[in-house]
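I've put the structures underneath this note.
Look for chain A in each of the two complexes below; its partner is chain B in the first and chain C in the second.
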Partner chain A sequence: MQTLGEHKLPHFFHYPPYFTLQPVRETREKQIQLWKELILDYCRVQKIFVIGLEEDFPLFSNPAIERSLNHEAREAFLSAIVLDGRAEWMDKSHRQCLILWHRIKEWADIILHFVKENGLEDSVMTVEEIRTGVESRGTDIHGMDRGVLMRALKLLENKGKLAIFKGASTDDEGVKFSV
Partner chain B sequence: MRRRPGIGGLQTAAAARDQYRLLGENVAKLRTDLMKEQLSTFRSQLEDFARKHKNDIRKNPAFRSQFHEMCAKVGVDPLASNKGFWAELLGIGDFYYELGVQIVDICLATRPINGGLINLEELCKILSQRRKGAREAVSEDDCLRAISKLKVLGSGFEVITVGKRKLVRSVPTELKKDHNEILELSQAQGFVTVEEVERRLSWSTGRATDALETLLDEGLAMIDDGHRDGKRRYWFPCVSSVSSFVASETL
Partner chain C sequence: MAGNWLLPAETTSSGRPVLRPGEVESSLQPSVDLVNEEHPNLPILKSGLLVLTTHRLLWLPNPESATSPASAVPLATVTHIFQSKKSIKGMFASPRVRFQVSITPDGKVQERGSKSTVITLVFRGKSDPDSFVGKFWEAWRGRAWEGSVETGEGEPGRVELGDGGGSSSSDTGLALKMPVVGVSGILRKEQEMWESTDKSLQDAFQDLNALMSKAKEMVTLAEKMRQKLLSGSSSQANATNDEEMGSKEEMQDWLLSIGIVSPVTKESAGALYHQQLSRQLADFVKIPLERAGGIMNMIDIYCLFNRARGTELISPDDLLRACSLWDKFNVPVMLKKFESGVMVIQNKSHSDEEVFSRIRSLVQKPDALKTGVSATDAARTLGIAPAMAKEHLLAAESKGFLCRDVSPDGFRFYINIFQDIDPNDAYLVKEYGVYDAWIRAAIASR
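Presenting the complex of A and B:
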């Protein structure tokens, strides 16, 4: 197996026809499934949250076999992930895709777990502290997309697990946990 | 015996004929009896052999293959029924049954990739990977035997030869001659172009395109439009080793 950077790649990535959207339904379904899994897995490991369709996302081409996914294929694969509920188009023209390798609800659970693990049940933290602080190091939360984090926090707020408030500076927001 | 004319002579001749006939039948019977006896001796020797070398037969594919050949010569089929002496002694029936089930599984799992055609070598490789923990190693010969038992299932499950490879077919659609030739051609690089098919097989464009499109529709081929020369390539997973990689990720 070759690696893209350090990511271990499945063998289909080195078989040229997989870079062309297949016309035959059964073959295409299998192709889409394989690409979906690869994209989600890669994003999870590399902590990638946004894929720009017209940008050089590493998985879109394999220089070793001189093949690249065309726009139609890229959109097809990402659309399939969106249909699964694991991604969202960020714009109507489908140029940017938000990848939810954890769904928002899963992020919320992870945050709750993190709070309990670190004895933060009644404490206050800023959103940035949650995202980049020492406590979250080694967890998926560390370095996560701020937009996604805010959505997960809002979900928890609706459940009464915490309260979001504006901080002293306009830069950051604070969170008071009441787990 | 002196020939004598007249009725007496005729009767003697008839009696002589009868005696020869009886003798002839006896000789034939003797030969058959002898053969039966030899066969029976051979069979019991084979049984002794099997008993003594039970472990080797189970563990060693090459040995097992030779054992089967010996059995075939004597007209014994250890796989004929799951019950009976052989199956009980060697438990071989179960082994091939188990293999058969695994082979069917693998063929079904890889069908979306290769359209129901997988090359034998690859199939055995996947099988070995799956059976890593098992005591018994599996050879291509074992696969072939298991597959021949699968034929009982009817539709599909046949081994066909294309060029230098053996392919296992697990779908009812038979390969037409034109398709066979294309598959053979594709073995060189794993793919063909319409142009290449026309040129190498001296076919019309229509004939080449029709055949390739049918193979595509049946899931045996995949298209590749990504080469910088702009020519569409038709790839055949069953002649490459793609199935094994995909299979090991799904099984």
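Presenting the complex of A and C:
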């Protein structure tokens, strides 16, 4: 089994046609399916939220067989994830892609679970505390993308589970839980 | 009086007449009846294709209603061609041409026969009997058969060198007459031949008209030399070394490709042009197709065919039309169009399944599993042109059997392992599957 950093990769990562967008429909569907899962899996394990299409993304090339995905293929695979609702384009020109290995709703549930787990039902925390504090260590929340976190918090706010209040700067936005 | 009072005529499998050495077609007429006027109870040859050559008048049956066998009247037996009379009655009836032939006492057509009979040709199709009569006269007066009598009589069997570019069936016949003494004998003979032909070659190239009139001579010459070479190599096989044999084979090939003696032309075939061209082409492509492994590019055929025709070149459009007519005849070759638009000619026996299974075994070899196959690799294994091999690979790809790999190294094909991967568990490897085989070959060797 080959690895990329600490990530375990399937054997077909060394199959050269895996890196060429296949023209035949049936084959292409299967190829896209395999790529979608590999990308989401990799992002989840590596806690990656944003993939830049023009940047070097370790998954998009395999130096061992000297193959890498071209731009068209990268966009095709990411678009397929976007269609599934597991990713969003961050700009119109599709240069950056936000990967939601948990959907926003799933993130909201994870936050609620985290709050209950730590007995924070009626306490106040800053957003930065949630992302980097001692409490969240060891959970998916730790080190998560700020934009994604804010969207999950807003969803909970709409449901009346918490209130967001602004501090002097964006760095110290606070959250008052009322679960 | 026997029913087969005419001589039998041979045809090729595609229905083209087999011509004698030096025999050239000059006119074709559809839907012609051949009737013996003096013996009306003889079977009437109804509605066939009439072919006038420099040697014979051939009647070929209509393939849909073949009732009578193909028959021939040697022009040598014709003793008189009657002038057609213009009459009011003639305006309504089908045009007729009458001529007299000599026959044996028991009624068979024969040169210098003691009796004679009158044959009438009835033109039922839209044709021009006047121009036919003109050509008939011309051919009859030309007495082209006299020049080739000696070879004709020496070999009563089939002497075919016309349409197919020549076969080896008649090689031994000439070999007996040639007093060849050793390799030097052959070479000396050849030298003499070249010297004597040098002049005619120079004449031929003076201008195109001259070349056209010499074309037949050139082809005859080439054929003679080919046969001489063949006979030489058979009788002197033990004395000649490999190198000489090689150069002889080359020479034979070269001479073989020189010519179709009687190319179908618009002038001789008229409305039947494409149909006859199609049949001639079907006969012609057999040999090159066999050599090329059963499949050939349209462009290659075009070049070969026109080279064989010499001066009577055809246009690509005519070739295409001739090929598309094959569907209608029972010929062993077919025109195939690939998805990319590439057109090829292939033997009907050359099936896609066979090619496909050969590709299948090719891509499953350990090396191919590891590094894939290129069009060139496939071409080498299948014995066909790379462009054609690529078409086959693309066809296999579109069936989901192969996958492509486009990289700076080039365009390569691999066996499709995607189908063998479990979508729910990318890490699972089914035993003895294609994926498993690929892992063993490609990963294990890393």
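Odds and ends about this structure:
Going forward, the second predicted complex is superposed on the first by the 176 of 179 C-alpha atoms of A that agree within 3 Å, B and C clash if a C-alpha of one lies under 4 Å from a C-alpha of the other, contacts with A are read in each partner's own complex, and residues count from 1 in each chain.
Rule of thumb we're sticking to: a residue touches a chain if its C-beta (ideal position, glycine included) is under 8 Å from a C-beta of that chain, and two chains touch if they have at least 3 such contacts.
This structure is a prediction, so every number in the text was calculated from the model and none was measured.
On the superposed chain A, the two partners chain B and chain C do not both fit; they clash.
Of the two partners chain B and chain C, more residues of chain A are touched by C.
Using the contact criterion defined above for the overlaid structures, shared-chain residue A:Asn158 touches neither chain B nor chain C, since it reaches no partner. When the shared chain is aligned, no partner comes close enough to touch A:Ser178: not chain B, not chain C. By the document's definition of touching, both partners, chain B and chain C, reach A:Phe12. By the touch criterion stated above, A:Lys30 is placed in contact with chain B and with chain C alike.
Legend: residue contacts after superposition of the two complexes on their common chain; A:Ser123 is shown touching neither chain B nor chain C. In the superposition on chain A, contact of A:Leu38 is made with chain C only, not with chain B. Residues 10-12, 15-17, 19-20, 22-24, 26-27, 30, 34, 66-67 of chain A lie at the contact with chain B in one complex and at the contact with chain C in the other. Only residues 372, 397-398, 400, 403-409, 412, 414, 416-419, 421, 423, 426-427, 429, 435, 438-439, 442-443, 446 of chain C touch chain A when the two sit together in their complex. On the side of chain A, the complex with chain C involves touching residues 1-2, 8, 10-12, 14-17, 19-20, 22-24, 26-27, 30-31, 33-34, 37-38, 64, 66-67. On chain B, the positions that touch chain A within their shared complex are 112-113, 115, 191, 216-217, 219, 222-228, 233, 235, 237, 240, 242, 245-246, 249. Chain A meets chain B in the complex at residues 10-12, 15-20, 22-24, 26-27, 29-30, 34, 66-68.
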